[in-house]
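Input: one structure, supplied below.
Each chain gets a letter, A, B and C, in the order it is written, and its residues are counted from 1.
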Amino acid sequence: MSLAGRDLITMSDLSTEEIRALLDTAGQMAEAIGFGDAGKRHASERLDRIMATCFFEPSTRTRLSFESAMLRLGGSVLGFSEPGGSSVAKGETLADTARTVSGYADILVIRHPKMGAAKVAADAAEIPVINAGDGAHAHPTQTLTDLFCLKRRFDRLDGLTVGLFGDLKYGRTVHSLGATLARLGSQVVCIAPEQLAMPKRYLDEIEEISGERPQCVTSVDGVLGELDVLYATRVQVERFPEEEREGARAIAADFVVDAALMERAPENMIVMHPLPRVEEINPEIDDDSRAAYFEQAHGGVPVRMALVAHLLGLLEDERNAFRGFERRGDERPEAVASPGRARQEAEEGPDSASAERKCRNDRCITWEERFLAGFFQTMPCGEVCCAYCEEPLEEED
Amino acid sequence: MSLAGRDLITMSDLSTEEIRALLDTAGQMAEAIGFGDAGKRHASERLDRIMATCFFEPSTRTRLSFESAMLRLGGSVLGFSEPGGSSVAKGETLADTARTVSGYADILVIRHPKMGAAKVAADAAEIPVINAGDGAHAHPTQTLTDLFCLKRRFDRLDGLTVGLFGDLKYGRTVHSLGATLARLGSQVVCIAPEQLAMPKRYLDEIEEISGERPQCVTSVDGVLGELDVLYATRVQVERFPEEEREGARAIAADFVVDAALMERAPENMIVMHPLPRVEEINPEIDDDSRAAYFEQAHGGVPVRMALVAHLLGLLEDERNAFRGFERRGDERPEAVASPGRARQEAEEGPDSASAERKCRNDRCITWEERFLAGFFQTMPCGEVCCAYCEEPLEEED
Amino acid sequence: MSLAGRDLITMSDLSTEEIRALLDTAGQMAEAIGFGDAGKRHASERLDRIMATCFFEPSTRTRLSFESAMLRLGGSVLGFSEPGGSSVAKGETLADTARTVSGYADILVIRHPKMGAAKVAADAAEIPVINAGDGAHAHPTQTLTDLFCLKRRFDRLDGLTVGLFGDLKYGRTVHSLGATLARLGSQVVCIAPEQLAMPKRYLDEIEEISGERPQCVTSVDGVLGELDVLYATRVQVERFPEEEREGARAIAADFVVDAALMERAPENMIVMHPLPRVEEINPEIDDDSRAAYFEQAHGGVPVRMALVAHLLGLLEDERNAFRGFERRGDERPEAVASPGRARQEAEEGPDSASAERKCRNDRCITWEERFLAGFFQTMPCGEVCCAYCEEPLEEED
C-alpha cells in the first residue's frame, strides 16, 4: 500500500485500510517526538524536502500544526498566509499559482475560502497536495486528527458511540467525521437544535455506509449515558434566521459543556472539540481527565507527519519508526497529469456531463476561477454533483 | 544553576547570578557565530527544537532577532505576526492559543499589546515562554541585550553611570534597565523634560535596591561629563498634553544626540538606543566609535541564543562553547502547572486577595481575556498589584 | 572570478563573464535538485547561513522562489512581507532597517516599491544584498531567470531573436532583458501598441551596446516567422490615457497569445512570460511544448541558488556540483563600506554633482528616505542620472 505522489482532498480519497495505516504511522511519529508522555524524543535528521503552506485565508492553528509536522520530520517550510496584494490580487488563477508554487516545494498544503479549491490546486500542481480546508467543503486532516485522538483514548475505532453536539448543519468537521466513523464501524448520535440539524444528505450517506440511520435528538439528556464521546461544536447565534435570534441565545445555552453536564456524563466519556472553543466548553472542565480537546489538537502534529511522510513516499512498504525512514533514493513523486489532460479525461469519461451545466453553488471555486471548465461526476448514491465542491447539481428536496 | 523549563516574563524572574550566567553564555555564543570581529564562525549542527514566535502585534526587529537566534542555534521557527483573522478573531482566549501552540513547539516567544499577556501565556503553555514585550509592561530581552552591550564595551556591569535620556515616563525600556542596573551595582542619571520625567515608582524602586535615589535633571549639560553611557530614547511630541505641543517641539530638539553634543561628551562615553531611532540621534554620529546602537541591536542575537539555550536545558551545569552543547538527552522540560492549579495556588496563597477586586488598568490583559480570574500579589514594597500587569491596585499619589 | 561579498542591484553590476558563470552554476544546481527531468536529486547538507527576505511590498512568487533556493541550498530563511505596523511605520529609515537586519542574516533580499531602494539597502547593510525588485527600476534575478530558460531551451545565449511583446513602456522586465540580450550577442524585436512602445532610452541603450537599433512594430504578424522567442507581457487597459480606453480593449486583444497564433508561429519558437499571466496567454496553449513560462518560473530556483552561493563565497574559484560545495572556511564576506564612507566617496569622486540637485523622479527612494543625500552619476551615454533610481536628471526630449 503506497500513498506516494497522491493528493488528499477529502476522506473519500482514502480507503479504510489506508486510514488505518496512516493512524498507525501517526502513532509511531507520536512516539518518536515524545508526544504526550513527555518521554524521550528521538533525534530526527535533516530531511531534504520542502512543504509549501498556501493559505488563502488565515488559520493559524491549522497552519502551525502542518508547519510543526514538517519541521519535526526534519524538513523545511515556505509559504504565505492571506495573499493580500500578491499575484492573486493581480488576477492570477489559482491553477497557475498552484503550478508555479509546485516548482518551489515537494508538497503543497492549501487552505482556501472557496469549495473545490483544493481539487483545482491538486490538478494543477505537479507535487502532492493536501487540503487544509476548502470553504465549507472538506478538511480531511481534521478528521484524521479526530480519529487519532479516539484511537489513543480507546485503542480502537470501531464500536464507538460518538455524540455530535451543537451546530451540525454548518459544521464541516462533523459531516466528514460522521461518515468516516461509519466506514470504520462506529456510530454517531446527532444532538442539535432543529434549526441546526445534521442535513439529510449526510444522514443518507451514513445510512448508506453502515445500514443504520443515525439517531437525531435535540437535547443531550436522553442520550448522554450511551456516549463514549461528546464531540462539541459551537452554536453560533448568527446562524439562526434573524427572526429567531432571541430564542437562539437560549438554545445556545443548552449546547454548552460544563461541570454540571460532566457530573451526569459517563466516567469514561471523553469531550472533544475542533477548537477554537468560545463559550461552548467551560474552562472549568479543562482539568477533568475526560477533557480531550487539547491533546486532540496536539495530536494533529504526528498525524500530519504521518500523512506527509506517506505522500512523499518516505515510508513505502515498510513502516519504520521515525528514526530510520527508509527513503527510496531521491526520486521525485510521480507527476500528476496536467490540468489539460485531467479535463480531457473527465469530459470523455462516463462521469462527464455537458459543458453547459454550471455549478449552482456560489461558494464554489468554479464561480471565480477563470479557464476552469465545470465538470461533474456521478456520486455513488446516483446524484450528479460538481466535481470540485461536491454539491449536487439539482436542488435538494 | 539551571534555567531549564523556566519562563522569562520580567527581569525580576532572574537573580543577578542568573543574569551574569546568561551574559557569559551570550559571550560564548557571540564568539561562536563570529559576532563583531568578523572572525571565524564555528559551524553549528542541526538542533531538533522549534521556536514558536507568537506576535499579536508586529515588531519586525524583535521577531527577526529571536528567529535569527534560533536559526543560529541550529533550530527551526514557526509562528505568526499579527493574528488578523485567525483563531484570535474567532474569540479564542489567549490562554487557549498559548496552550494549543505549545503542542507545536519547544519554546514560545510572545509579543502582545496588552500588559500581563505574557504571564497568561506562560501559565497556560506547557513549554517555556519568553516575553518579547507585553504592552507597556515588560521586555526583558531588551534589557539583557542592553546589558550585553555594556558588558562588551566596558567589561563590567558595576560602577557604571548611565544617563537615561529622553522620554522616561512612557519608555518601558528605561524602567527595566534602571532597576536592573541598580541590582548589578551601577547607577543611573535621569535626564528628561519635566513632563516626561521618570515616574516616582521607578525612582522608589531604584532607591530601594541601591540605597540611592537617582539624580534627575532636565538638561544633559550639567551631567554629560559624568556619563559612561548616554542611553537615548525618543521624545514624542504626541506624548505631551495638547496645550503644550508648541513648546514640546522645542523641548524635543534639546533631546537630540548630534555631533555638537558628541564634541562635548567624554571620549569614552558610548551612545545607546533601543531603535528604531527617528530624529533623536543624528546619523552624522553613526561613524563615531562611541555610537553603539547598531552593535547593541546585533548583540540581541547571541543574547537570545543564550536565553533559549538555557531555557531549553541545552547547557545545564557546564557552559560550553556553541560548538559542543551538552544536551541532556531528549527529555522535555518540566511541565508548567496547569492554569487551574496556578489559579488555585494563587487564591490560597498569602498573596491572594478577594476575587472581587479588579485591575484598574484598562491596558491589562485581564480586561479582555475571558475566564481569567483577577489575582493579585503583594510586591516587596508592600503595594498590592495585579499579578499580570503589575500595576498597583490603588491609584498612586 | 569571485562574486563573494558583492551586491546585485542591476544587471549592470555583472560582466558578461559573470553572467555566464552564474548560469553555468545554475545549471549545476538544477541538476543537483533534479530539476525538470524528474531525475535523481542529490541530498543537500545543512548550510549554516541565513537569508533575510525583506519584502516591503508583497510578491509571493519572487519571495517563495528565493526562499526555496535558500532551503534547497540547505540554509535557513527569516524575514517579512509587507511591514505594516513594524519599525517602518515608526518612521525608521530604510538604511537603518537594512543595517539592523544585516546583523541577523548572511544575505539580504529586498523588494521595495520605490526606485533606488535596493541601493540604499546595499550601502547600509554589512552583508550582500540582492535586489528582488525596486519599483520600476530593476529586477535582475528576473532577467537571470529569463536567460536561464533561454539557455536550457537553445543551449546558447547569442544569435537569438527575441520578440518582446505587449507593454514595453511600463514593463521593467523587458527593459532589462533587452539590454542584457544585446550584451550577450542576441537581438530583440519590439512588438507593442504605439502608446506602449519601448522607450527611446532603452532603444538607445541597445543600439549603443550592439551597434543595431531594434526593429519596432505594432503587430506580431510581420515578424512572427523570425522569432526564436515570443516574450509576452500584459497590456493593461489602465495604462492607456483615459480618453483612449475604448480602443485600448481592442488593442489588448491583439496582444494575446492563443492557439491561433501558435498555429502560425515557427515550430521551435518558445513562448515566455514573467507571470502572473492574466488574459494575455490563453491556457489552451499550456500543453504546447513551446509554452515555456512555467519551466521559466521554476528555473528561478536554481538561478537564485547559484546567485546566493556565489555571493556568499561558497563556490569561489572552483565550481562544484551542489553536492560538494567547497566552502572557504567560516569567514564572513567582506564588509561593505559604511554609508558614511560611500557618501563621502561619491561626493569626492568624478561622478559627484552638487548636493543641491534633487532627483526629479517622485517614485525614487530619495523622496522619502531621510538623511539620504542625493548623489548622481554620469552614465556611459553621458547623461547625468540619480545614482539610486537611474532616472535622468533632465527631462527627456
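Rule of thumb we're sticking to: a contact is a pair of C-beta atoms (placed from the backbone, for glycine too) under 8 Å apart; a residue touches a chain by one contact, two chains touch by 3 or more.
Quick caveat: nothing in here was measured; it's all calculated off a predicted structure.
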Report task. Please report how far chain A has to rotate so that its Cα atoms sit on those of chain C, a copy of the same sequence, as a value between 0 and 180° in steps of 5. Result -> 120
Query raised in the report: Over half shared or under half: which fits the residue numbers at the contact of copies chain B and chain C, same or different?
Result: different
Query raised in the report: Taking each chain's centre as the mean of its CA atoms, how far is chain B from chain C in angstrom?
Result: 40
Query raised in the report: chain A: which residues touch two or more other chains?
Result: 46
**Report entry** Interfacial residue positions of chain C with respect to chain B in the complex
**Finding:** 46, 48, 50, 52, 76, 78-80, 83-88, 90-93, 95-97, 99-101, 103-105, 329-332, 335, 338-341, 371
**Report entry** Residues on chain B engaged by chain C in the complex (per definition of touch)
**Finding:** 34, 38, 40-46, 57-61, 64-65, 67-68, 71-72, 74, 77, 81-82, 275-278, 283, 286-287, 294, 297-298, 301
